[in-house]
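Structures follow.
First chain A sits with chain B, and in the next complex the same chain sits with chain C.
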Partner chain A sequence: MSNKTINNRAWWLVTPVVLLVAFNALIPLMTVVNYSVQETFGDNVFFWEGVRWFEEVLHSERFHASLLRQLSFTGIILLIEIPLGVAIALTMPKKGVWVSVCLVLMALPLLIPWNVVGAMWNIFALPEIGLLGKMINGLGIDYNFTRQPLAAWFTTILMDVWHWTSLVTLLAYAGLCSIPEAYYQAARIDGASRWAVFRFIQLPKMKRVLTIAILLRFMDSFMIYTEPFVLTGGGPGNSTTFLSIDLVKIALGQFDLGPAAAMSLIYFLIILVLSWIFYTLMMRNEEQ
Partner chain B sequence: MAKITLDKIRHSYSAELMRAGDWALKEMDVTWSDGGAYALLGPSGCGKTTLLNIISGLLIPTEGRVLFDDVDVTDLPSDQRHIAQVFQFPVVYDTMTVYDNLAFPLRNRGMPADKIRERVHEIAQMLDLQGSLKRRASGLTADGKQKISLGRGLVRPDVNVIMFDEPLTVIDPHLKWLLRSKLKELHQQVGATMIYVTHDQTEALTFADKVVVMHEGVVVQIGTPVELFERPNHTFVGHFIGSPGMNLLACDLREGKPTIDGHPLEVSAPFTPPDTGVQLQIGIRPEFVKLSREGLAVDIVKVNDVGRYRIVEARYQRQAIKLVVPEDEAIPADRAHILFDPAHTHLYADHWILT
Partner chain C sequence: MGLSWMAWTWPTVAFFIFIALAITTMGIWEKFSPGGNPRRGVLGLDTTRGDRLFISILGSAFIHLAWLGVMGTPLWGALIISIAYFIAVFKWV
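Let's look at the complex of A and B:
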């Protein structure tokens, strides 16, 4: 234990990494911290404001509203994408030529850039000329995502599900493929039902990849910006203004750099804390 | 309890392989008597696991029937066959406790809870698992997990056959021996037929009353360990079992007698001479080859001292011959003469025994 050589020169070996991290993460983050505690009117003139911006953001109804929208959106897409992704993975073939076909088809939406997805769905869902919009209206349902908040939400969620369910599917599929055949054989001999096989073999074996899938989808959807911005622009009204859209409006639309900086820090902390909670909950039983 | 009959079983994994005549299992008729301890022995890829999976119903044979006590079960699914199987790698349900693992097959079959409790405790006792019933199965060591997989089979009161597919592969060497004697003990306690697949002859010979030896999809011999040693049906059994394996020497017939280069040899029993053109071989175990003043003249190549005896590698012209020589016997330095014990000298025609 105590006979290890103590040689502080070893710290020099760590310096390059420290410098790298400092330049690409800490220093940019510090400028945000700078803005969050000061008021500026340009010309590099700053006035100390303390925690005023933080208090303002935390008490602002506008922030509460977009946080609530954000939480609802993330909650809904997680509730849809995770079970749907797992369900698709379960129906995918394990071997044969169809494996590659399925994998390529599943991977396609993931390869499309965010703003293209937004533009595609915008046109696709337009009530007058879009295939989807025209069809829904043709069924006798009044649908116009540029005017109705509910339709805007429906379209945004559908777009996200289309874009990202594949990620969950691919991860779940990888998890399923790693289960040795003997588990299924043992389950057959034990007389296990299809549901029991899923509940006691497939789900536990997919746990790690699903944890990753949930975390990735949580973080990504919580930061979503481009797709809803291109599709709805945050509207109609403010109905699809999620946190990041609101942040950009404050920072670049109104040029309120102080409150925007405070909001980004709060935003960052929320993501950090929620990710930690998710991870701890899901990994709770691992050590036993 | 049941007698298992494999009636003209043949299996191929695909239609193309079948057309090419490439059978994983070639046609066989095998009967496993009720309550026996069998070992299924053979090198990797000889069809052991295929045969096992056909009995357990995980595979349906391309041709032939599987009978349990004269009832055709060929198309019956595994869970209705009253069989249990322990796999090479331990299969446990990670999220369940040891207790729930053992109770799982009974719950699936709708047994009442109090009966299940009684049964699980009984089996846990047999397997020395009482102490860990409340623990999560994923936390156990490999041998503990393997005991659970075995327990899930034993716990069912209606199990006819328990099959083991190389169950000790992932077990630490010092525990292998313990677990193997446990299996033997359980066999006597439970009385179910056990079929133990392995490629390790020590495992097979210590576990089983009867050993089934497979080679390239064919059952080449079924016999007690002594029979396999003294009278191998096939040259494969001869050199696969025994350490070192049987000596095989090319020979020919002269005046109805097997001879090696004009040296006539006595064999264990009279035989009907085979057709011309078959490959004839003399088979004799190293234990039955003796150093002598007369007989076949050989060159001594190497002497290996393995403790209580020595293994002598000799050479007769191009053919290698091994002898087992007791510790105290003198071994000539380079030239020696050897004699074969006629009672244990066998003659093989195209690898199958003549006498």
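Let's look at the complex of A and C:
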């Protein structure tokens, strides 16, 4: 082949990364695969169980429920954060001193550690002492996120929107800034409406960064653990027990290593296939 | 050490040997019969041989899970479907 790489020796330079990944990802993953087909009662003694745990997880109502909760959560936050982030980016100034002010303000939530975000929102939303909780109750709405599933969901989603919309905004803003002024001038000459400018100039130009934003937000929210764990601890009941929280409950709470391993492999496969789809779509966008 | 290290079992050892062999075979195949450059398949995707291996293995995992969820054990049916899927992916995707 004429277009084949002639010298492949550069591949040796990735050896350190391969070794590192082998130790922190590959070997633990292999151990999880081994656990997933066995039962243990501790003491490093294992009994062969075959695919029983996989069958159990696939038929487990508990797994279906947390998967459904996870998908709903991810779907809802994507539906809110993406349009909201784009809308905020559209209203941000393009030049002047306010640009830096806006950018710093937008970046602030992103700098806060996840467990701190959870703790902050926990106190903020407490019905007796928290500013948000007290205010909502003051309006005459009965709100207690530690007791009502709906209020817990509302608080979790609000927290995630507060924490991560900025990321979408910053990415969308970067996309908007890359549009040359000439496009807008052409649109003005044609007498294009505000909507037409958005639909045919701004949106196509933001397509690539928005794909990245959706991918990042999808991945992060699908693996979300710390924030809801600190905020609600998965409760009330199981109402905000997302996949990762459920997984930790099974693996470390109940110490059911076999079922937890099977569940994490299924979780891993779901993430892998969805990421592959997103990645493929992104690469196709790149070509166009 | 033996099999107790990392809680190994023979079936899981065989599984990982299969994955390692598949990757090695890809290397040998490319060495003796180059042609792993991207091509456009029926899905409209540009895939290399490596991509097709990935799609095959990932797809087989889901075929096995689906079989296990719907039909239960034994998994021979899933294996046969997976082999057919493997061949189809390498031929047309």
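Keep in mind that, in the parts below, the second predicted complex is superposed on the first by the 258 of 288 C-alpha atoms of A that agree within 3 Å, B and C clash if a C-alpha of one lies under 4 Å from a C-alpha of the other, contacts with A are read in each partner's own complex, and residues count from 1 in each chain.
Heads up, the rule we're going with is that a residue touches a chain if its C-beta (ideal position, glycine included) is under 8 Å from a C-beta of that chain, and two chains touch if they have at least 3 such contacts.
These figures come from a predicted structure and were not determined experimentally.
Student: So in the superposed three-chain picture, is A:Leu79 touching just chain B, just chain C, both, or none of them (first/second/both/neither)?
Tutor: Neither partner.
Student: Regarding the shared-chain residue A:His59, is it in contact with chain B (first), chain C (second), both, or neither?
Tutor: In the superposition, A:His59 contacts chain C only.
Student: For A:Leu272, is the partner it touches chain B (first), chain C (second), both, or none of the two (neither)?
Tutor: A:Leu272: touches chain C, not chain B.
Student: Report the partner of chain A that touches more of its residues: chain B or chain C.
Tutor: Touching more residues of chain A than the other partner does is C.
Student: Touching A:Cys177 in the superposition: chain B (first), chain C (second), both, neither?
Tutor: After superposition on chain A, A:Cys177 lies in contact with neither partner.
Student: In the superposed arrangement, does A:Gln185 touch chain B (first), chain C (second), both or neither?
Tutor: In the superposition, A:Gln185 touches chain B alone.
Student: A:Asn34 in the overlay: touching chain B, chain C, both, or neither? Say first, second, both or neither.
Tutor: second
Student: In the overlay, answer first, second, both or neither for which of chain B and chain C A:Leu110 touches.
Tutor: neither
Student: One more residue to check, A:Leu20. First (chain B), second (chain C), both or neither?
Tutor: A:Leu20 contacts neither chain B nor chain C.
Student: Determine where on chain A the residues touched by chain B overlap those touched by chain C, and list them.
Tutor: Correct list for chain A: none, the interfaces share no residue.
Student: Where on chain A is chain B touching in the complex?
Tutor: 180, 182-183, 185-186, 188-193, 196, 200-201, 204-205, 285, 288
Student: Tell me, which parts of chain C touch chain A in their complex?
Tutor: So the residues of chain C touching chain A come out as 4, 6-9, 11-12, 15-16, 34-35, 37, 45-46, 54, 58, 61-62, 65, 68-69, 72-73, 75.
Student: In the complex of these two chains, what residues of chain A are touching chain C?
Tutor: 1, 3-4, 27, 30-31, 33-35, 37-38, 40, 44, 46, 48, 50-51, 54-55, 58-59, 266, 269, 272-273, 276, 280, 283-284, 287
Student: Which bits of chain B are touching chain A when the two form their complex?
Tutor: By the definition above, chain B touches chain A via 53, 56, 58, 77-79, 83-85, 87-89, 91, 93-96, 104-105, 108-109, 136, 139, 149, 152-153.
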